[in-house]
Each structure stands twice: as C-alpha cells, then as structure tokens.
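Below, chain A partners chain B and then partners chain C, in two separate complexes.
Right after this comes the complex of A and B.
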C-alpha cells in the first residue's frame, strides 16, 4: 500500500489580534533549488550546513549597479570592498567585471595582490595602517586614504624618506542627516578638521591629493543621505581645487547601499524598503551634474559598495536536527547552522524558506542553531511549516559579511560552493577540520 | 486517557474547547490523532496506526506524538 505524505501533527492556538496594517504573506513558499541546482543534491555532494553562492546573481548585481550609474554619469568606478566577502573566487569575479579593490588592512591588501589586482588599482582605507603597510602601498602607487593626523604625518615622513610622491585621498566624515553618523573614521567636515588636513597636504606639498573619500555608514535605506553627502563632498572638492590647488580627480562616496534584508527593528521587510541602484544613482548624479569643476574637469565617481552587490547572492543551506517544545509552549526548531556562521542574524530577520509549500497550517517557531548557547538563535519568531529531522532549511541574503566574520566556535566552518552560470557547482572553500585548528597550536 | 468532553472538532480543522473557551487550528495529521482519541485508542495504538499509514520513521513520529500530547495536556484537552 502506498503510504501517505506525513506532516507533523500541529495544534495552534488561535489568539485574537487586531487586524494588521500590512497584508503579510503567511503562505509557505518552497524553494527547492538555486539557479536550477537542487538543494537536496547540493547537500548530498557537499554536506550540511553549506554556503552557496550564485554566480548569475553576483554578475547581475554588479552589472545593474554599473548600468544605473554609467547611464547617468560618464566616469564611474567600483572597487570591491574586501571585508564584505573576501573569498578569492568572489573577489576575482568582481575584478573580472572591472572592479578595483578596496582594502582596510595589510592582509586584505596582500590578498588583492594575490588575486591579480594591479597595485595602482587598490584603494587602501582603514584606521590602522602600519608603517609597513604604508610603505608597501606607496611603493605600489596605490591610493592611500588617510584616516587621521598621525597617519598623515607618518606618510609624509615616509614620502620624504623614500623620495616618492604617494597618491592619497583624505577620508572625510560628515553629517548626512542620518543616525548614527559615523564620525569615528577620517576627518570631520563640519568642524573644519578635513579642511585643516587638506591645507597641511597642500602646504607641505609631499603628497599628491588626488581624491576625497567618505563612507557615511552601512545599510542606508535613506537615499537622501547620499544627496547630502554628494553635495558636501563636491563643495569640498571644489574648494580644495580652487583655493588650495589640489589635483582632486575623484570622489569616493564609499559603500552603504542597503540590501533586501530586513532589519530586526523594521516593521516592513527589506524587500519592500530597499531602494534600487537607480534610486541611489539618480540622487547622487543629479547633484554632481549641476557642479562645475575648474577647467570643466569631470570628477570620477568611485564606489566601495559591498553588501548590496553580494548579499542576495549568498545562501546558507542547513538541515533540521530536531524540534523541541519549550516549557512556555513555544516551539524551537534546531538546525545545524548556528550564529557562529551567521553573524548577521544579530542584525537581520533573515528570510527563511523550506522545501514545503501549500501547507495549510504553519507554526510560529524559534529557529535555533546547534550551539550549546542561549544566544544561538537564527530567527526568534518565524512562521514555518511543520518540519522534521533532515528537512532542508534555506537562509537567504547571507552573502555579505558572513564568510568573513564567521568563526570556528563549537562547530567548524563548512564548505562554500558556487553555482556557476553554466549549471556546474564549484567548491570555493573546504570545510575546516580538526587538523586545521590544531596546526596553529603548540 | 481520552479527549475531555466539551471538545468541538469540525471538519475544516477548527477546534473549540468549551471548558476553557479557547479555539485552535489543527492540520490533517492532528485531526486524525484527535479522531482516533475520540474512538478511545491509546497513544501506542495511535503510534502504530500512523507508522503503518504514513511515510515517517519511528523516532520522528515518537517525538512528534510526545510533543502533540504535551500540547493537548497543556491546553487541557486530555482526560486522565
């Protein structure tokens, strides 16, 4: 006799509530594949948990971003933000698409070099560059973005000692009308710090100040903040060129474009709120098109976009270990991927899908990882179909900041694969083993 | 052991407990379990029957039934 499809028995108390303001879709939407490759097969071949990247989404993202800007402005350049995701294959894909590299440490700098990036196409940001880092970068004619006065002094001294005239920008922080304002990095605009730094550079005449840099923050859903940033940066560039004679040729407006993730604090989902690349591009370029620089010079626009280019191209595939009823009646579903792999679950209500759809009744569930720790919660309240051991759970929009900030803690870091445009699946990174961990100990 | 009297279960998966005034939604499997309970079957008989009828392994079913009976007890739907 053919057996019937099983679904865990579910009993859900109906709690009278006020009708919601928004029509939330509570139907289960199944996802059984990524770009045509079945999830079940991925698990069989590479194990669980597993990070999966989509080549087609990565390429689509960077092409869309470039298109949005280049159809509105003649000179636009993207520099891949290494810390967002520095798996070599991912960096290389962006370099192949024409992106330069944006790094914030000597380690990331070396990685970019090993990925074949020409040293004069590396932007070196960050508040903690060592003397060795600065020497390496100036000898390689990289673009050094100065963060603070001591770094300015050190770099100027090195330039004199080495007889090199490094290409630099200063990092500027400013009030773009958003909270929190990132004023920790770089020189403040409104208080005059930025102007002081530019005056020093101009009067000492040892550095070639070819750019100005600003990164107003990350996950910025307010397009207007970029309009304000662009206005202030363009005005500063104009002054630096006309009053100080500095050869400013680019404005680096940093990263910060939002992805479609949903912030924990947000009432609406990121899918509803996220501005498009076109929205950002229109805000920024409409300001710049109105500014006239000396000699009709066209400022190059540089972006260090991270999150928005990679978040939706990454998935974390995991498997159900067990269901557990808490003493207060809530259901915990335990999966094999924990917060040590998914740092961003502290920020976001990540979208979660299963392989079931058309499920009549779903249950509010706390989705937990396998760590023996109370904080190991991937989603604290998500409606899921009844799940059983070994069912697949797919966590979405995990491409940014996770495969750099993940840690080996209780469990080790799993494999990472990429689904290629031709349907092949490539292993990008092996799973860690005990031997890897032990190798570093004595 | 059996369902308390005063439970109203309708075909579409709506359950009303007249003792507590609470109402519930149930899925198809839960409906099967409740109707077997109404017929006076024991938990282990229900386990055997589901195992025979459904595509499920014994240990998952055991865990799921334990959980389901825990909820029935918590919502005061079980006698004895």
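Right after this comes the complex of A and C.
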C-alpha cells in the first residue's frame, strides 16, 4: 500500500486589530435594526424569511438623484422602471415623489394606471407590444418608445385607422465604448437603422416623434459611457430636428446606473467602486448643457433608472436553519431564503450581515438556501461569524428585481413589509398560501 | 334682432347713461324715460342722439365709442337743452340738425385735443355748440328769421333768468327739507329739467346703479349746500338750483375717474369751494357775452382736478382709475385688487441664478454680512434632508452646491470677471480678496448683478460678452470670504464689485415646501426659503392662445359654444360673441392669467374665467397659488350692496382664488372663497382636468361640466 501524502496542518493567526497590508479588517459589523426597527421584532411579527423595505432610503435615493440632475440641468424627469419593483406601494412612493412610470408590458401599463398615474406620464418601452397594448397606449396619449420596424409599421397603421397622432420616440442602440454593447433592443445608430426609422416617421408623418430613447445597458460602472451616449444622442436629436423637422423635445437616456451592490466579477465592492448620481449627472449634463438646439430649446432629460433607486432600500431577513461541514471541509450554513427569492444572487455578491457584533473569529462560509437543489447558493464564500440555528441573517441590496423576478418554487413567497419614516411597519404584500396556488388550477 | 339694431339700441342707451358716467343698461333706459316726462325735451334729446350717432357712423368714426355712448351723451344733453330753451317749431328741427353736426365736429376736435393728454372732453362740445347757437341768435338786426323763431326767449338767457319750467306740481314736495329737494333738483338739472320728481327717479336709479356714486353726490351736495348757506348767498336771492348740478356732476365724474377712496372724497371736498367760485366767475364772465354758464364751471374745474391727480405722485392725491369702469364700485374694487395683482408688471422679470432648488442661507439684513449698504444680498446653498453636504463635509466636493452651474438672471453684458482667486478649503475664509471669483453683469444703466465666490477656472463667459437670461456663467465655488461653498448674489447700481446693493425683486418663481411649490409672484426670497425657477417647458397647448384662434366648447348647461380669441389695445381676450362676454387675459412665460371679465355671468366663459383665473402653464410636479379676485366679480348680494357705502373707507369683502395642481393626476383644484369681514360668505369650487395636449374639462358644483378644445 502506498504511503499517504502528508498534509501539513493549517495554522492561521487571527489578529483582531487594524487591517494590515495583507487584507481588510475582518471584524463583523452587526446590524440589528432597520431604521430603528429591531430585526428580531420584525421576525416575530411577520415571520421569516421576510423582505423589508426602508421608506426613508427610497425617498433619499430619488431625492438625491433628482437633485444631482436638476441642479445641473433645468429639465429632468424620472420615470419609475416598473419591472425593477412593481409592488404598488413602492411605485406609488416614486409617483408621489414626481416620477412618471416606465412600463414594458400591457400588464405593467395597467398596473401604472391603477396606481393613479396619468396615462400621458407613462413611457411604454419594450420589444414586444401587442396591438391591444399599442391601442391602449395611443388612446391614453402615452409615450410609446418604438423598438423595431414591425412595431413602427403596426403603430403607423393603427394611427391611420384610429385617427390619432400618437406621441412616440424611437429606441436607439449605440456603441458607447463599453462591452457588451446592447444592440438587440431598438434601432442601431452607427449602422444607420435609427436614421432610417426617423426618416420613415418624418416622411409618413403619422406619428409625432417627440423624443429619442437609448439605454446602453445595465450596471454601468463607467460614467464615460454616458458622456459618449449623450453626445451621440444629442447629435442625433439635433439632426432629427434640423434635417427632418421632427419635434424632438426629450432625450430618454435610459437607466443602467449602478447601485452599490458588488458584482461577482468585481474584486472591489460596489460601495467603493460604483459612481454616485453626482458623477453620472456631471458626465451627462456637462455634455448636454453645451449643445445648442434650434431656437435655444432645452431638451428634457428623462431617466428610467430603477436599480440605483431601490436596491439599497431592500433587505431580505432570513434565519439560520443549520450548519454543515461539507466533505471538502468548507462550512455550509443553510438559511431559510433561497435563490427562488433572491434571483440576483446569481450575479451579485450580496452583502450579508448578522446580529453579532465585533466577533474576531470569522470563517469562510458557503451560504445556502433551503431548496433541495444544488444551485441554491446565496454566497459561495463569505466571512461570517459562527452562527447557530435561528440566528438572524440580513442580506443587503436586494431591492431591485427580486420581488419581481422571485418565483414560487418549493417554498412560498414570503411577506414584504416597509419600515415607514415614522417607525411604523406596514405590510406591503402577504405571504403566498397553498390556496393561492391551488386557486389557479382546475 | 340683427346685430345692427342691437348696436344702435346700445349706443342710444349708453348715450343716456354716459351722462352720469356709466354704461349701465337700466340707468340709461330709466334716464331716457324720465326725459319724456317733458315730451319736447325728451324728443329733442333722443333725436339729437340718433343724429349724432348716425353722423358718427357715416363719418366712420370709432364704432366702439359710438356704441358706448361717448359721442351720444353730449348730443342728448344738447337736445334736452334746446328742447327746454327753444320753442317747438320747424326752425327748432332745422337747428337740431345743424347743432348735431356741429356738436360732432366739436367733439372730434376736443377729443383730438384732450385724448393725447388722457383727459375726458366732458361736456365741452355741448357747451361750445350751444353757446355758438345762442351767440348767433343775438345778431338780431341782421337775421330776422332767428328773431321770429325765438321771439322773446333770447331775453331769458341771462344767468339770473335761467330757470326752467316744471310740469310736476311743486307743492307736493314742499314738505321735503330744502337740502333734500335741492339734491333732487340738482340731479334733474343734469337733464335740463328742474323737477323734484325727475330727480327722485334719477336718485333711485343712481342708488341701484352705484352706492358709491350716490354717496359721493350726497357728500358733495351737502358740503356745497352748507358752504352756500354759510356764505349767506341765499340772501342775495340766488337760487341754489341754478348751479347745484355742477357739484353733482363733479361728484359723479370724480367717483368714476378717481379710485373712490377716502382721499378721493377729501379731494372732491377740496374741489367744492373752487367750483363755487368758478361758478360765479364763469356766470359773470359769460354774462358779458350774454351767455349762460351752464356746466362750464364743472367742466373746467373737474378737468383741472383730474390733471392734478394725474401729475400728483399718488401719495396724497387720489389715484386715477386705470380704466373707465361700468360703476364706481367696479372702479374701486378692480383698481384695489389690480394694484396688488399686477404689481409684478412693473418689475423686470429677473429669474433665479441657478438650476433646481436652492435654499437662501442668508437673506436680506442677514446676521453675517448682509448689512448696512450691502443688506439686499442673498446667499444660496443646496440642501438635502437639512444638510448642505454629503459624507463628512470636510472636502469641497461633499457640498451639494459646489461645482453647480450659476446663471444670468436677465439679459445683459458681462462687464467684470475675476478668476484668479484660489478656492478655499472647507472652513477657511479669504478675507483679503473677499469677493473671491466673481462676475458682474450689466442689465441696463444702474442695474448690475453680481455673482460671487465662484469656482476658479470655471468661467464660460468673458468680459464684453452678451448673455441671455438663463445662460450659464460659471460654477459655484468657495473663493473669497466663504468658509463653505455658497453663491452670493446681489443687484447693485454700479459695475464696481462691492458696490452698495439695490433692491429688485425676482419675479414668478416657486417656493418649495416638501414636494409642493408655492408660487411667488414678485419678491426677494426670504432667508430659509427653498426656491426654484419655473420650468421652461410648457405643458400642453392648453393656454397657448393666439389671436384669431377659435375654441370649441361644449357644456351640459350652455350647450355647444364657440369662443374667439381677439386683441384690442395690445391686450388679448377670449370672447363669447353670442352671449356678449369677454375675458381679458395675459400670457407670459409660464403664466396664464385672466385680468378682467366683462359681460354676462350666465355663460361657460365666466366659469372658465373663474376656474382658470391664474394658472402656471409650465410642466411642474405640484404647485399651489393664491390670488386676490376683485369683489366686483363676485358680488355678495344685499350685504354687498350695503357694504358698498363704506367701501371707500374700508374694504370688508375679500375674494381669494386658490388653486393646487398635481401633475400625477393631471388635475387642478380651485377654490374661490369670498369672505365678508373675515367670515366665509361664499365658496365656489372647480376642478380642471387636462386631457391630452389640447383639451381640458372644467367641472364645478354638483352638475356643471364643460369641455374646452384648444
């Protein structure tokens, strides 16, 4: 029998002091409350897992964003991106702060109308709008952002048939110097598709082309991309106004502003890396302020940013089910919230905190969800203090996309609450029950 | 009835009411009727009015003046006088025709002379025409036909003999105190009748028409009567009735031309002794030519007092009414309200020197530096959730206002730029170059604006450059006497930096409280206020009315209507021709406001006027504004009629229009509260809903709903 290979024991000196040149201080920082409301109390009242939103953070985000732009440029509008989070209370909060609605389906359109948004303040985006959707939007004088030639033809025909002159924009995609360049949505600028579409609109003269739309991508961490985008879009608007005589009055520069979340591919955390609203605003407005449009007209700037406004206002509160030592020696902590609730964990390293403060001894842990699926991993490797059953784990930056992309799979979707500015906690959405699931079956 | 007949009826009716400086329908009709108590006089008056108006229209003179009786009132009085003085025969008819033509000539002549000085010609044309007729008749030797026409009548034209016959029995009025009966006689003398009954009818009509005019005539009448008695003139057997109407007319004129305030009453009392002297002087002077004075004293003295009122600076002298209103009440209420409402028209439309919302961290007479000669200055910062910075606030970039663009407040020329001062670190002040980097813009001689503490090397303007309102100049910085980044702004009279400040208000901006923007028409922002310019983007085409436009309107109460947008004297109006209503409006940058309403209140236009009295037309999120409404627009019934008596002394009735706009629902809610002495009397509510870019729906009360398509 061959002699087994010697493995030396691993000794690690742990010094709970200031970070040395080998790394950051690994001391855990506890979070025991959200806006003054204790997490323990939230779990007692609403159960676990639980999505918690902070009203004050939501308001602060939109106000910061608005201020960053409106103190640099005279006409700025925000349209709340419904797909990011269409809980009615969240949408209403943004509408209350003056946001329009940006929707990408008939369902979202109806939702916006039910939330009391005037139909002429709804931007209808998206690559798949049905005839019924288009009719609804044009009758409501909504802003329809045309994605493709088929849609342009359909809308023109409908406009003729209905005798309405809908307000439209075309979606443009362009090379802003970043990878990947999203070219699957809208009309490409560099290849001349966008200009062709505009010429078509101008020559047919059935649609009122009041804007131009571009969304260069998502989670863009370089402000220079926006500078390039703004330059190109402003030039296109100028051409469309002067050469085609189109009544362009707004530029919708889309969204894509990064939140402070950390991408899996990123070495540094999002908190250190991602630009602020001020950085984005400076890049965009400093370009646009220098552009002279005919008749000293000022373009209205429209943004449909979602993620950056809501991500840090959402938390997922979860409880530890068990700890396991895996065969390879890694520690595996299982919590009651899985990837079915936290879709974004596939591309973010979500920040995770516990209620233990100042613990020096942290262990690299794999944080798993409760699903009976191997892919149910919230964090591959995160330094956590030793946890035991029923300990609270708080997952940060989960406000965007999760309560829209979550699925009912193996477990039910949990409750969603909001901590109001006055300290009250409101239930925004109830947990699913078996009856809800069965109701739809025959 | 055709339009033509309507215009004619209106012109005749207004000719009568204009005699007492009014355009009231019933007053005109009543006066027309009472003149026919003396059929001959009445007929002559009417004939004369018809002939003069006819001649005016044949000569293509101003239709508006004809329609409003401005040519006719002199004609009426001329006809009445001739009917009273001359015997009825064919020659009278001939003379009437000639006199009418001559009167029109005189009228146009006097008007050309007076109008350029903005003065009324009163009854000068009548006086001159009648005097000329009478002078002609004195040529007895050479003109026998006049002799046979007039017979002995010429002999009665001395002023002592100037008395008129009365049809009604005087004896039944004997029980009245003399001061009262003389009042009625004075009133009736305006129509060349001396009849207590006619005076009584006129007094009642006058009272119904205007309490203020009634009050004015009584005050001046009593004062004149007392003066007359006090001077002992009655012992000379001079009947008060021979000249009392001068005072009544003067009172009526002043209550219309002046804003009827306490000062106006004192002013008209001041006029009495002057007029009294003038009456006797003119009578004596004209007796020399064997002519009666008639109302010449009234004309001269009133004219002089109006000239003085125009020249006076308005501190002690009463103000002249801006327009000749229908009644002294309207005159008072409209002028009082408009003085406050349209104050901002007097100021240059300066806008705030930045984008977005900034807070005034130090206002006028601020405790730090805005004192003494430099009191009218403003410091602006940006705040979010009560803090001027994010993070720790120890680097300039943490401050929200640092590096934000600053703008020109009005068109002008850059006259001074300083760009050599380094920005201070946070907490440090540069006391040597205390203005830091700055720019001075000349708007006109004597009005310069200074923006200071700017960021070094951020200037995108240079000396000599023309800038327009809203143009970017530089970025906000932290240079000079500025421990924390802020923008210092002031107006000054000279281009030298650090000149004493002058006070010019900013016009039409929003004061923000939470998400609501409260509209500020015209003032300097106060310390602690967060302010923002109106958006430059116009929301929809709703209020962008242009002359020649037609609006189609349909309502459940008035059916289908068409409104027209017109223009006169440089002002624009929306007109409902069918119902004869006109709403005058002004459309300035970001603001639509109705200035005035004329005509029927039973029409959709009246509701549009009330519900959209003042509207911000730019694309704002949420705004509210409140605006005073003239009590003349919102009458308060009997109580209001009684309160008219004290209105010149104290205004008890107040109407306030307040409105709130929410862009989310595209709805504007309006509430008009009329209160008497602070107590709510009447509340009207409207809701305007905007549909698309080109139509809106006004709804009010329980059932009224009206759609206007622009």
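Everything below uses one rule, namely that the second predicted complex is superposed on the first by the 418 of 442 C-alpha atoms of A that agree within 3 Å, B and C clash if a C-alpha of one lies under 4 Å from a C-alpha of the other, contacts with A are read in each partner's own complex, and residues count from 1 in each chain.
One rule holds in what follows: a contact is a pair of C-beta atoms (placed from the backbone, for glycine too) under 8 Å apart; a residue touches a chain by one contact, two chains touch by 3 or more.
Here the structure is a predicted model, which means the values were calculated and not measured.
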Just chain B (first), just chain C (second), both, or neither: which does A:322 touch? first
Once the structures are superposed on A, label A:388 by its partner contacts, choosing first (chain B), second (chain C), both or neither. first
Between chain B and chain C, whom does A:361 touch in the aligned arrangement: first, second, both, or neither? first
After the superposition on A, what does A:73 contact: first (chain B), second (chain C), both or neither? second
Between chain B (first) and chain C (second), which, if any, makes contact with A:435: first, second, both or neither? neither
Pick one for A:95: touches chain B only (first), chain C only (second), both, or neither. second
Which residues, counting only chain B, touch chain A once they are in their complex? 13, 15, 22-30, 32-33, 53-56, 59-61, 63-65, 67-68, 70-72, 74-75
Please output the residues of chain A touching chain B within their complex, sorted ascending. 3-14, 322-323, 325, 329, 359-361, 386, 388-389
Residues of chain A that touch chain C when the two form their complex: 60, 63-64, 67, 70-75, 95-98, 116-118, 120-121, 141, 249, 282, 289, 296, 298, 300
Residue numbers on chain C that touch chain A, as the complex places them: 354-358, 382, 384-385, 400-401, 403-405, 468, 470, 472, 515, 533, 535-537, 619, 621-622, 663-666, 692-693
